[in-house]
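Each of the two complexes below includes subunit A, the first together with subunit B, the second together with subunit C.
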Partner chain A sequence: MTIATSTELICFLILSSVIVSGALGVVLIDNIVYSAFLLGGVFMSVAGLYLLLNASFVAAAQILVYVGAVNVLILFAIMLVNKQEELKPIKGLKIRRFFSGCVCAGLLALLFRVDITTNWATPGPKAIGEIATERIGEHLFTDYLLPFELASVLLLMAMIGAIVLARRDVISIELESTDSIPQNIINNSTDNVLLDQSSD
Partner chain B sequence: MFTTLKIVLIAVVNPGLDLERSFNHLLQGMGLPSSIAHLLWLPLPMLLVLTAALIGVLVTVWLERKISAAAQQRVGPEYAGALGILQPMADGLKLLVKEDIIPHKADSLLFTLGPILVLIPVILSWLIVPFGQNLLISNVGIGIFLWIALSSIQPIGLLMSGYASNNKYSLLGGLRAAAQSISYEIPLALAVLAVVMMSNSLSTVDIVNQQNTTGLFSWNIFRQPVGFLIFWICALAECERLPFDLPEAEEELVAGYQTEYAGMKFALFYLGSYINLILSSLLVSILYLGGWGFPIPIDLITNSLGQSPNAPVIQILAATIGIIMTVFKTYFLVFLAILLRWTTPRVRIDQLLDLGWKFLLPIALVNLLFTAALKLAFPIAFGG
Partner chain C sequence: MFNSQELIPLNAYLLIASILFCIGVWGLINSRNAVRVLMSIELMLNGVNINLMAFSSYIDGNIIRGQVFTVFVITVAAAEAAVGLAILLSLYRNRTTVDMESFNLLKW
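Entry: the complex of A and B
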């Protein structure tokens, strides 16, 4: 065994153990902030696995998108609504946990079956290493153009939706234009939802 | 015959010094196998770059103290060494021996992990900083994209330390830092994208080589003046320097996410911010100011003097000039950043977000579009 392959094996073992234990931690730890930070660790380790597979562009994109954007956004949301309130005990929590555990175990069994029955020895396409960036770009603008554009339209829709929800003055104009709203709600409102904010 | 062809090919592909090859040849000459030689070589450039970064921080801290003193008509540090040049060492030593305080109700695990997570991505990004054709740790294909990806890890560390301090100022500072970092990453990436489009490569070495065809006038700053300004503003914002130092605004937030930190953990934040400043300046000089390039191409000088550019003495001279040019450009930008810090007032948070989202982002998009159009129209000047 050469130095390169043994380093690769050690890295793979470390990364996969971090992924498995981190993912378990995300699900099982009660503190939601810890779960979110662990999720970041899992994303980073997945990026490490991509690096081991010689897919450096995908690894960097994974860090940029999942760690830098998704995970930071999750943390942001958690910290902005960081209320230290006692949650009400949910009825039948044990039974719920049991059933969800069963579903997860079933999924795991399914994955194991796939793992055992698939013939992994068939050689895949040759790794292209550094020119992967160009190849990904070519594919995105030729044969994968439609899914790419659909994904961007979906993201645009989500963004417009978020902006509409966040902008209160848009809602207020809609409220004022409809007649079916009882007048007393508008009069008693202390919220500045219904004020015209377009002037400032 | 094939071996000579191979050697010629290597000389064509790898012009300039290649210390790794010489080191491997040396160790193999002493009877070591090539894998061991490679293993012995690996830590050397990393240690060298780490040392360079740390010395860079010491110099920058000294410059910051001296220039701020000059801006405020004081003398500044004076007694520690000549002109107070040892003052940063004294600062570092003081932080090293200070008590490491973890507040009683703080989350000690996250509190310790936060500063580390802030520092590591910054240091890792030095992987792609070239000081010469072969004078970098690794010429990875994704180059500059690696830096963009790594710098997006930093907000997690800031949020972590802000949350773990169990202090409202820290939490607010952490949230502000994350918001600022996310907002300014987008115009920054778009400005980089315009440069990448012109040089057809993400690799920092290729980006510099593409700028050094005709010396001074082929530097990207003349082809991307808007991109240069966008990148510089965003880099200052990413480094949390004044006028964008809202995360640690002293008058409002005590010291932001660093409020509860003391001793070596505070020093990690301090180091991180200064290494980040130097890194950003280095990247500005690589992306826009021709990196290691001398204003007059070295090849032109050697040819006019009748020397071969592959002669060892010329190569060593060229490498030295390259390193000096990189450091000179970088410290010029550091000087500008320090001058900006001590002469401009802080922006408000709404002004900061307005500037990022409503001004820099559209301008960066238009810049990208213009670059694409110019590249199609004038492929000679804009790297067709």
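Entry: the complex of A and C
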């Protein structure tokens, strides 16, 4: 076993243990801020696995999108809704957790069996390694052009939808209290569109 | 059981992906905080992505269709996170709670 292969093996073991323990921490730790930071660690480790799989572009995209955008978005959402509230107890919670744990363990056993017993067609063709980025670009602009364009439309729709859903209509009080605002803005609006519904 | 020709077999990546997916499913069912539900969904998507990348590298090494699909899944995950958190903020404004048990508008 050369130094390169043993390094690869050690990296894989470290990354996979970080992934599993971090994912368990995300769902089990009570403090949700710790969960969010652990989720960032899981995303970084998954990017490391992609590097082990000869996919540097997807690893970079994973870090940019997941760690840079999704995780920061989750942290901002936690800041916005961070209220220490006492969750009221519901009956049968333990039983519910036990049964859902059984279902997930069964699913895990099923997936493990499929993973191990199937004869995958390895080794396949030799991996192309460093020119994978060029190949992804060729795919995106030839045979995957339609999904690529659909993804751009989807991102636009998601952006508009997020703005519409999360918008906070707070211009009503200033509009009603001053006279210099043109009256037709107020007259054209219906009653509770411009009211701040978050004040109560 | 494991193919001994390569150092890290394909099965190892698939097992990691399965564990990640099942942890995500458990968290999705059992979380009472709505933000944690979204985090569990991201965990599940990452498990699926590891699967796609492993198959792309081991079986489809010269065409790498799996990597293209992973890029699309990352795009959809980003859009989903944005819309999901916007819905969460809207719900929090109306209900002033993030407890999943109190979101029972669709209960019949």
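In this section, the second predicted complex is superposed on the first by the 163 of 200 C-alpha atoms of A that agree within 3 Å, B and C clash if a C-alpha of one lies under 4 Å from a C-alpha of the other, contacts with A are read in each partner's own complex, and residues count from 1 in each chain.
In this section, contacts are C-beta pairs under 8 Å (C-beta built on N, C-alpha and C of every residue); 3 or more make two chains touch, one makes a residue touch a chain.
These numbers were taken from a predicted model, which means no experiment stands behind them.
Trainee: Looking at the superposed three-chain arrangement on subunit A, would you call subunit B and subunit C a clash or a fit?
Mentor: After superposition on subunit A, subunit B vs subunit C: fit, no clash.
Trainee: Look at the residues of subunit A and decide whether subunit B or subunit C touches more of them.
Mentor: C
Trainee: Which partner chains sit in contact with A:F37 here, subunit B, subunit C, both or neither? Use first/second/both/neither.
Mentor: first
Trainee: Which partner chains sit in contact with A:G124 here, subunit B, subunit C, both or neither? Use first/second/both/neither.
Mentor: Second partner only.
Trainee: Could you look at A:A60 and tell me whether it touches subunit B, subunit C, both or neither (first, second, both, neither)?
Mentor: The answer is first: A:A60 touches subunit B but not subunit C.
Trainee: Of the two partner chains, subunit B (first) and subunit C (second), which one does A:T142 touch, if any: first, second, both, or neither?
Mentor: A:T142: touches no partner chain.
Trainee: Contact-wise, after the overlay, does A:I3 reach subunit B, subunit C, both or neither (first, second, both, neither)?
Mentor: Only subunit B is touched by A:I3; subunit C is not.
Trainee: Let me test your reading of the model: by the given contact rule, A:L80 touches which partner, first (subunit B), second (subunit C), both or neither?
Mentor: both
Trainee: For A:A69, select first, second, both or neither according to whether it touches subunit B, subunit C, the two together, or no partner.
Mentor: It touches subunit B and subunit C both.
Trainee: State the minimum pairwise Cα distance, in Å, between subunit B and subunit C in the overlaid complexes.
Mentor: 13
Trainee: Need the overlap of the two footprints on subunit A, from subunit B and from subunit C, as residue ranges.
Mentor: The overlap between the subunit B and subunit C interfaces on subunit A comprises residues 57, 61, 69, 76, 80, 132.
Trainee: In the complex formed with subunit A, which residues of subunit B make contact?
Mentor: The contact residues of subunit B facing subunit A are 35, 39, 110, 140-142, 145-146, 148-150, 152-153, 155-156, 159-160, 162-163, 171, 174-175, 178-179, 182, 185, 202.
Trainee: Subunit C touches which residues of subunit A in the complex?
Mentor: 5, 8-9, 12, 16, 19-20, 23-24, 26-27, 32, 35-36, 39, 42-43, 46, 49-50, 52-55, 57-58, 61-62, 65-66, 69-70, 73-74, 76-78, 80-81, 83, 85, 87-88, 90, 96-97, 100-101, 104-105, 107-108, 111-112, 115-116, 120-128, 132, 135-136, 139-140, 144, 147, 151, 154-155, 157-159, 161-163, 165-166, 168, 197-198
Trainee: Per the contact definition, I'd like the list of subunit A residues that touch subunit B in the complex.
Mentor: Listed in rising order, the residues are 2-3, 33, 37, 40, 44, 56-57, 60-61, 63-64, 67-69, 71-72, 75-76, 79-80, 82, 129-133.
Trainee: Residues of subunit C touching subunit A in their complex?
Mentor: Listed in rising order, the residues of subunit C that touch subunit A are 1, 3, 5-16, 18-27, 29-36, 38-40, 42-43, 46, 49-50, 53-54, 56-65, 67-68, 70-72, 74-83, 85-90, 92-94, 96-99, 101.
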